[in-house]
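Take a look at the structures listed below.
Both complexes below contain subunit A, partnered by subunit B and then by subunit C.
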Partner chain A sequence: MEIISVKSLTKRFGNFTAVDNISFGLKPLTINGFLGPNGAGKTTTIKMICGLLRPDEGSIFIENIDVIENPEKAREKMGYMSQNFSLYPDLTARENILFFADLYKIKKSERDNRYAELTDELNLHEYQNTLTSDLPLGIRQRVALASAVIHHPVLLFLDEPTSGVDPISRMKFFDFIRKYINSHKATAIVSTHFLTEAAHCNEIFLFNRGKIILSGQPAEIIQNFRYNIFETKTSLLTGEIKNILNNSEGIIEFYIFGKRVRIITEEDIDIQQISVRTGIDISNISVVAPSFEDVFISLTND
Partner chain B sequence: MISITNLRKSYKSKTDKSFVLDIRELTIQRGEYVSIIGPDGSGKSTLIKIICGISPFESGKVCIAGYKLPEEFIKARLKIGYLSQNYTLYKNLTVYENMDYFASLFGIGGKKEKILNLLELVGLLDFKDRLSKDLSGGMKQKLSIACALIRSPEVLVLDEPTTGVDPRSRREIFSIIEEKVAQRMTVIFSTSYMDEAERAERVIIMNNGEILRDFKTENILNNNIYKSIEQFYTHIIEK
Partner chain C sequence: MIRRILPFIKKEFTEILRDRLSITSLLLLPSILLFLYGYAISLDIKEIKISICDKERSEFSREFTDGLISSGYFRITARRESPNEIESDLRTSKSQVGIIFYPSVYKNFLRNNEPSVQILVDGSNAQSSQYTLNYLVGAIERFTQNAIKKELIRINTIQTPTEPLLTERILFNPLLKSPLYLIPGLIAFVIMITGAISTTISIVKEKENRTFEQVILCPVSPFTLIIGKIIPYFVISLVSSAIMILLSILFFDLPTKGSLLFLSYAVIIFLLCASGFGMLISTISSSQQVAFTIAAFSTLLPTIILSGFVFPINNMPEIIQLITYIVPAKYFIAILRGILLKGSSLSELYPETLSLTIFAVLIVSASIIRIKKKGII
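So, the complex of A and B:
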């Protein structure tokens, strides 16, 4: 059974359709990445799922609860973590976590057990009595996570949860998430700009202009990428390269990095054609495997 | 361009942990492109702030573009463009006015042409009359870089330049940075993203206030042991 099921969801603000008839379902034991440029509709979708914004059309069910009819009951099933907004800076780590426990009306005995469990699992012992405003970023993220899962939610929202920390902290963070969703048969939604976070997801949903334009496993998405990517070294001036590439057909996008140029083209353009069009010797051009960033950038082209 | 010997700075953090930055020797030549990585609290930002002359230190020799810190700070800072982790823009000024303000601050002559050129470089010329508070995260960051470049610095120092920035702007930011690298500007940046670190020609890994490793990127990537800087980093730090 799906943990969350969204059907034909639409939200308009005046003439602007922020979310345009989207449907998806999320199974337990999955980490799902919501990606897309600013204004693509990710946040509006999440706000509707959280019951904070009423959709114009469509339905949202979390397990068997109708979110639109019964937002408060649905919210008991959800945990929300945003690195920026979810902690009170003038409370200690401990006070923050317990505050969230109390919001969810967890009984004191159970609350204290759960608190001990989470401080253990997230290695928070030495920081319990420090104001969260004085904690380093990586620790603050862990406190926010503890606060988000204290009530055993089955649907976890994580908003750029690991931005600004090193790969090891990021890996540990996602290890915890993985364990959590396994033990709780839960599902997580990671909303992010960072493709390093997307790499930890089972499934990716790429939003653009209010629609989900692509979904699938990260490896699958890269495999299905239909454009070609070339890199070349050149001694041409930036203006000259821009001139040539802006006037060439079949070029989706290009980025100049000093003397290197990365070119994304339609799939029918090969290395020879690139050489002819740019006047760059073929030995100076190489075919590059697409990164997730290339996929993101070319598909969310305005 | 940058030379540091026996640098030491210590303080007690708010979490009551004492922190010591201890750098025996660090030299960065003109035109080098260097990234600094390391765990949260390893001293990346502290080192960057010392290089930019805005953080005091207890002992050691720090020389920037031939000027000794802290004594010749005023002269040194004209040589450095610095992008801090927090936006330093005036939100009620337009894009152009922000640039104009920084240009006046540093007594830049012929500033109008310079400003317009820089705004073109960072792709904000069409937005020059927009209030900076109405810019997206990526645009704010690009404007901050333009402000840092207005004094034509010899060294550009950026503390986590892509935090809070979407993938497209992230590419554009590196496009700006690497155009400057191609023009032989010395560029140093810190990051928590290993694919960004890998773009630089030289990588410095910091841990517990010390330089743990300092190497040419290609030396690690060409030796066929590590596929990426991320692999190397994870291996080194976990050890």
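So, the complex of A and C:
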């Protein structure tokens, strides 16, 4: 049984097609990662599922509720955290969280219990009475998360929840989401352009130019990756590297970070062949396990 | 519904009260403006500087100038020999009015020929030159009547003393004080700032900060949200208007003759107009800057310029006079002047009250339809 079912969803802004005829279904009790670069259509898709944007074509069902026809009913089940950690800057962390609780008409005693639990779990005690405009980004992210879950939604939409946040906070964030999903029998959609965050998800959906170009479980996707990945250190200039690799056969794509170059090749090319074809000394080349970046780059290679 | 609105009202008040600058300006700025208009900026014309070139040098010209001076509005700053010097005085702002008496002016006047008095007025400030001209025309009319009367007595056509040909009595604002005349306009101005501009900016600010996205995902209808936003500014506008009326009574002897109930009705209806404008503008603006510009041009400027607040509507070109019919502030100011200065009742002001009420219904309905159709984000 799918909790969210999306069919042939399309959204255009003028001549630009932001989301192009996508279909997918989500299972309950899962974290679903919408991965892809900025402008790939992740946020637009989330906004349409939440009922914030009306699609041009397609259908969205949450359980049996038609979101396009009946967005208000669907929203009762949702919690949403936007990529800007939208909070009222002139209110304190506590006032922000309680304001959202009050909008859901949660009884005062119950509201205070939930607030106490959340401040404990998200370590917000010392920031309760600070204006959110004075809080560092990482703390604001946690306040926004508390505001999004205080009414215990069973569907959690987290739009770029980790942008600008340090790696430790990102890890803690996913730990909290996992616990929340299990204890509230919920489902989460997390959009991110950090492909490394795919590992935290049960299912991932790779977005590019408004389409889902790949979906599945992260381990499965890596297993099915058909290409080889090599890494080499070099002191050559970028122009020289590009010159060599662009003229070598069998190379799907390469990318340079710092003094290292990562090379994606056809699966029948081994380390010796790559050494011969590029003229790089074999001792300077290593075989590496594919990451989601590699998967994404190989798929979007034109 | 009320349980959903309350958190908004509480939140909005917390935000407004925390932002000291905005709450101070919303509550105190109107009163500062009131004192500024009351004491510093007066539209009354006093001591208009005159340069005179008197080639006639007769009793006629002396009486004419004495009459002007005794009115209290004019002061002779220069006596010149040639008309050219008069023009030069006007150019260098040594005087605002130049009067030239040509020789034999009185004889010409009596013989029904063209009298040869020339009056030059500095028109670079249209507003004050208009007032100056009005005073001058009044003074000339009075002088002419007296001169005719004297001549008739001299040739024994009538017996002295006669009844004056014209009597004047100014009602409702007998001292012709600008502040009293301007207070209703100031109230309209303040209501437009708080009711329309502050509401619009606060709604659009939420769009910009994306907090609306967050809120709209709660089971809250857009109307609950908008009403929750409008009520605090509504209350502030009422408080601010009350402060202004109170200060006007204390410092400017505002008579407050009319009904308080009628006054409250007019203020509330005009506030609804302002809030309706605010809502409409916020549905079409995506940034605070755009919202402010649209609001200032569509609400504030007409309230100042086209409502009769500062500039009399009767003096405007006909086409502009027609446009003033779609400026709600025009009706509101007329109603307020009626209530506050003349003690007029609803039966005397019903055309204005009806027009204002129709406006409020139209604007609020238009904004509701717009929000239903397009949403608020």
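Definition applied: the second predicted complex is superposed on the first by the 273 of 302 C-alpha atoms of A that agree within 3 Å, B and C clash if a C-alpha of one lies under 4 Å from a C-alpha of the other, contacts with A are read in each partner's own complex, and residues count from 1 in each chain.
One rule holds for everything that comes next: contacts are C-beta pairs under 8 Å (C-beta built on N, C-alpha and C of every residue); 3 or more make two chains touch, one makes a residue touch a chain.
What you see is a predicted model; the values in this text were computed from it and never measured.
Using the contact criterion defined above for the overlaid structures, shared-chain residue A:Cys50 touches subunit C, although it does not reach subunit B.
Legend: residue contacts after superposition of the two complexes on their common chain; A:Asp134 is shown touching subunit B, with no touch to subunit C.
Using the contact criterion defined above for the overlaid structures, shared-chain residue A:Phe34 touches neither subunit B nor subunit C, since it reaches no partner. Contacts of A:Phe225 after superposition: neither subunit B nor subunit C is touched. Using the contact criterion defined above for the overlaid structures, shared-chain residue A:Phe257 touches subunit B, although it does not reach subunit C.
Look at A:Phe296: by the touch rule set out above, it reaches subunit B but stays clear of subunit C.
In the overlay built on the shared chain, the residue A:Phe205 is in contact with neither subunit B nor subunit C. By the touch criterion stated above, subunit C contacts subunit A in their complex at residues 3-4, 6-7, 10-11, 14-15, 18-19, 209-211, 213-221, 377. By the touch rule above, subunit B contacts subunit A in their complex via residues 13-16, 37-41, 136-137, 160, 163-168, 170-172, 174-175, 178-179, 181-182, 192-195, 199, 230, 233-234, 237-238. Those residues of subunit A whose C-beta lies close enough to touch subunit C in the complex are 47, 50-52, 72, 75-76, 78-82, 84, 86-91, 95, 99-100, 102-105, 147-148, 151. Within the complex formed with subunit B, the subunit A residues making contact are 37-38, 126-127, 130-131, 134-139, 163-169, 171, 193-196, 238, 255-260, 291, 293, 296-297, 300.
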